[in-house]
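Structures follow.
Two complexes follow with chain A in common, the first pairing it with chain B and the second with chain C.
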Partner chain A sequence: MATIKTLFNKCQILKSKTPLLSTFIQQNGMSQYPTYYINPIYKKDALEALIKSGEDQNLKHIPTRAALNNQTCSTAHDDLVNLFVNYVMKDGLKPLARDLVAQSFESVKRLQLEKYHKCQSEEEKAKIELNPKTIFYTAINNCKPILHLTPIKRGGVRYQVPVPLTDKKSEFLSMKWLIAAAKEKDSTVRFHLQLARELIDAANNTGRVIKRKQDLHRQCEANRAYAHYRWS
Partner chain B sequence: MLKTVFNVIKTKHIQTNQGLQCLGPFTTQACKFSNTSQLCHSEKQTHEEKQNISKAMKAYLDRAREHDEFMNEQNQEYQLGKRHLANMMGESPETFTQHDVDNAIEYLFPSGLFEKKARPMMKPPEEVFPQRKAAEFDETGRPHHFLFYTGKASFYQVLHDTVQHIVDLNRFEDAMIRKGMRPDKDQKINLSGYQWIDKDSLEAKLVETIGDKDYESFVQAFERLCSLPYSYKVKDFIMEYRKPLMSQTKAHDAPKPQYDENGRAFVTTYECLRKSARGDVTIRSPGTGKISINGEDITYFDLLQCREQVIFPLLFTNMINKVDIEANVEGGGSSGQAGAIRWGIAWGLRSFLDQETIEKMRLAGLLTRDYRTRERKKPGQQGARRKFTWKKR
Partner chain C sequence: MLKTALVFVSKRKLSFSKVKYLSPTANPQPQEKIQSFRSVEHDPLKHTYNHVGQFYNISKEDRNHLFNYGGLPKTYLTQAKTFNETCVMIRQPTIDVIECLKNIDYAKPAVRFVIYGKKGSGKSLSMAHILHYANRSNFLVVHVPWVGNWMRRCQEVSNSDTKEGFINLNVDAAAWLLHFKTQNSHLLEKEDLKIAQDYVWSKREKTEKGSPLLDIVNHGINRIKFASDCVVIIADEIKKLSNSGVCKTLVAIDGFNAFFYPNTRVFTEKKEKVHPHKVVITEAFLNLTKNDWKNSAVIVTVDEIAVAEEDQISHMPRYLLGKEGFEHLDPFVPIPMENYNQKEFKSVMDYYRDRRWITPYPGQDEEVSALSANNPYNLIKVCAPL
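Up next is the complex of A and B:
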């Protein structure tokens, strides 16, 4: 036994020649997937476009992550609506949130149809948008702020400094404001109905959310003298 | 025999004899230690002739001799052990191969240890003990390699070569521009099916230990070389340091469908797992789009999202009314069960689809097993990430 020990001390033993699987898999934080995994391309038209451009050849050897359980290739599926559902969601009650958004889309459709049938002339009828999803998209687009105020401390004084927003952040703010506006209602009015009204208003560039956006922009305009504190 | 067996049981040790980690000569592939015995002999002769051999060389020769003796001894022990093992297993020692040795060890010392490296093994000593470099300096102690004093001569030689190639290619590009020529687009290097060799392989190739930063700079230098328009001229040099990735769809072949008494083809996928749900999915073709989950239809799932998940692979491949699905699933919640069935359907559908659609399914993330599970709660915290409320006073 002693000879074995001395031999071990004398000569070190190297790792085996074939590297283990664990050496291939780089750790990616708490993620189950290694860093080189790509996100799934689960939409059919996106995949077609990829194949047409010939870029799928580059992805041939790169493994994909599994599609999430709220992603499908169905035509009813929409990423932005999904995101909105997640923002509406409270305490992880996804089915409820999904229901609420679907109901409010239905209400949008009902309200718009009501308006449509009340119209007298064809010209007025043509102006009314009946697709709730288009209304939803235009509403979110209209509510997006460009600037916001952020407190920056200079010489012991906090200045409200106007700062440009990224697209993602402004999208988030617009959705957040829409939901907040829909929640600000009488207890007799249902959330989905109020949300529908807010969406239609915002799509027409009127209403409380648009006003909120304009207020913010006005404040930014008033504080433009502080803008240089962003970099100095 | 047992001694031999345990002798070669591998454990991870830190390299101790750093003195022997000398540098590769002019080639990147370093010489092995085995040729040192000849060197030893010649040294002995010269030793008698002149006494001015350097101390470093002397120490090196001693270590080399020691190493050779040790390897000889190990080799003899290994051969003897192999013969004993062959006799124990009742086979001829002459025809006993390494494969038989591995089988015998697995049979005689069954081990349930998860880490394969920790299991008992008996390998030839050349595989167990690391390869080492031959002397990098002459009798007077003067190193052969101009990068000897960097400590990692082979590694820096590789970087040096890369930069030399970059400079050469830039010069070549200038010359071509002057002639009004453009790089050949057909010959453009395609690196999509390959990746850089990992750090361990690079270390084994160079017989040197390198750090993470070093490896990073290795990758950076090579990527810069690859980005040059004329990089195809040094393709052989680049390809030395790349290894092929396996083709993803070829990696798992679809099983051939079986036929039932009605002549319908069917494929059963067992072990469809997601979170803690597990189940099996049978796909029958041709069918009318019937879906039965635990004896019920798709209304087995109350949630819309789960129903969408179940038909996702069918929708994606336009098979929605062409096959029948039977699924048995248990354990977990509804979303986990739906995920398990989704994977089972996608996996089974491969038998009825062409290679192109399978590749599309792979890109859509339908063929990847979703291994994500709930993150565990940590002690001293409220949940996986959330901490208890804490006030200083």
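Up next is the complex of A and C:
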């Protein structure tokens, strides 16, 4: 498409009308797909639900993008875990990030099973959560802050104003804090092991990340007098 | 001690059966439910083809006795620690070897078994099971946990005094002697294992003819300088003892092909690469794997991991052993280790679920089976984050 445009430009025909040409061709940034392509539905149950409700008929003839290589129909695939992997990732080293998260899930299981086998009675054993994904979800849920502080300038003074967070933002913060806490360790301790410990701690509503959340909430509480600066 | 324990058990059983219960409710119900993946029989002497695919438990005493200084792979050890028990699957090739060991005519020359298979298919654990069997049936066990530890990551190197141009691996040899001593402690304490000739170590040190084999072992452990020579002498003496019918011997060597792989990581002081045949302890184990003696059986594994990564092309014995090694072992009984079949795979997954290692979800077995290609080691890796 770009070549066609440059060709037109060179020939001085339609030079003024290039934007018009663009709308016609529907170029979508650097993407190889035009804007009218829809995202694929790659999960089996979502697809079945669509077929059941009959909505698949509407999508049948709309051109669809190919699924990304991390989007699988495996039942073990999880969106939130995938997002977390992306947050762990550095320099685009996705296989490494994926391995780290997988290893930390393994460590979670090993730590929990160790506790499980130490328990004497059945009741104590039943209390221990062994599913790493459940622990991961509870940990992230427990670490989500409700408010945070933003600097707002009023009368030449910057005030730290408590502001409510959207769900997405607070989820991001909770994941970011978990990763930051896992990185804060001795050089002899592996990242995945520390992350596992943090996840277990957070799932039990204890630990450094929970403390960080509570500290933020405390500061917000202290600065409640500035809360009206949000709108006035 | 074993005998007394057995008597004790049988007595208890007798007294148990004599008790009459007046009502059916007083009769204690067996608490454990029957699990198809768990074997009822935990004694390797009684394992048959009926138990294939099931897990059996190695007791803590046996494990400390046999595998205290190596013999179980590291991945398996972490797994055993998390599961709080040392369970090994009974597999077809293992039972094949055990049945053979039961029926061999020990008056004939030693039979050599070569276990081979792809990486992570369970060769070492199969070996561990056979060792457990051998230990129970009173074999003298000569077990090398991993030859790669000597040829590819040895601890200390020195020139041999007794042999010109040869190399001693002192620390490794002494460690092996300790391993040998713990594995055969119950046999070595008996009086009948005696050496057939005098050995003069130095002007003052000497082991006389007729003193127990344990003396040489202890000498090697205490005087590390002579450890390698001790290993060679012990191999020789064991051969003589077996030939004269004093003991039955099982030689088990894991990663045997490392003895024939020239690209070692053992270096002399001049940084020259040492061929495995120039290492003193190699001689002992090559001597033991010949078939010029009786009252014995030899089991070796050939493994891709024992050679350098660039040479891991095939897992077949002919490639790994090379011409020389193959001719050294020929004729042998090849024992292929395969990946899990359907039944074994189901059993492992049930075991994992029972140990609460994986959380079940619909379609799990098919998916995991496809991802791991039914390879035991891959299966551990795939199941880890589930």
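Here, the second predicted complex is superposed on the first by the 205 of 232 C-alpha atoms of A that agree within 3 Å, B and C clash if a C-alpha of one lies under 4 Å from a C-alpha of the other, contacts with A are read in each partner's own complex, and residues count from 1 in each chain.
Methods note: a residue touches a chain if its C-beta (ideal position, glycine included) is under 8 Å from a C-beta of that chain, and two chains touch if they have at least 3 such contacts.
Since the model is a prediction, treat every value here as computed from it, not as a measurement.
A.B. asks: Please indicate which partner A:Asn131 is in contact with in the superposed arrangement: first for chain B, second for chain C, both, or neither.
C.D. replies: In the superposition, A:Asn131 contacts chain C only.
A.B. asks: Given the touch rule stated above, what does A:Met30 touch, chain B (first), chain C (second), both, or neither?
C.D. replies: first
A.B. asks: Determine, under the contact definition given at the top, whether A:Gln103 touches first (chain B), second (chain C), both, or neither.
C.D. replies: After superposition on chain A, A:Gln103 lies in contact with chain C alone.
A.B. asks: For A:Ile62 in the superposed arrangement: first (chain B), second (chain C), both or neither?
C.D. replies: In the superposition, A:Ile62 contacts chain B only.
A.B. asks: Classify the contacts of A:Ser74 with the two partner chains as first (chain B alone), second (chain C alone), both, or neither.
C.D. replies: both
A.B. asks: Tell me which partner A:Val157 touches in the superposition: chain B (first), chain C (second), both or neither.
C.D. replies: Neither partner.
A.B. asks: Quick one: is A:Glu114 in contact with chain B, with chain C, with both, or with neither? Answer first, second, both or neither.
C.D. replies: Touch status of A:Glu114: second partner only.
A.B. asks: In this superposed model, does chain C or chain B come into contact with more residues of chain A?
C.D. replies: In the superposed model, B touches more residues of chain A.
A.B. asks: Across the two complexes, what residues of chain A are contacted by chain B and by chain C?
C.D. replies: Touching chain B and chain C on chain A: residues 74.
A.B. asks: Touching chain C in the complex: which residues of chain A?
C.D. replies: Residues in contact with chain C: 74-76, 101-103, 105-106, 109-110, 113-114, 116-117, 130-133.
A.B. asks: Give every residue of chain C touching chain A within the complex, in rising order.
C.D. replies: Against chain A, the touching part of chain C is residues 78, 82-84, 355-357, 359, 361-364, 367, 384-386.
A.B. asks: Write out the stretch or stretches of chain A touching chain B in their complex.
C.D. replies: For this pair, the touching residues of chain A are 4, 7-17, 19-20, 23-24, 30, 32, 36, 39-42, 44, 47, 50-51, 56-67, 69-74, 77, 94-95, 98.
A.B. asks: Tell me, which parts of chain B touch chain A in their complex?
C.D. replies: Those in contact with chain A are residues 3, 6-7, 10-17, 66-67, 70, 74, 116-117, 127-130, 192-193, 195, 198-201, 204, 245-248, 303-305, 308-309, 312, 315-316, 335, 338-339, 343, 359-360, 362-366, 368-372, 375.
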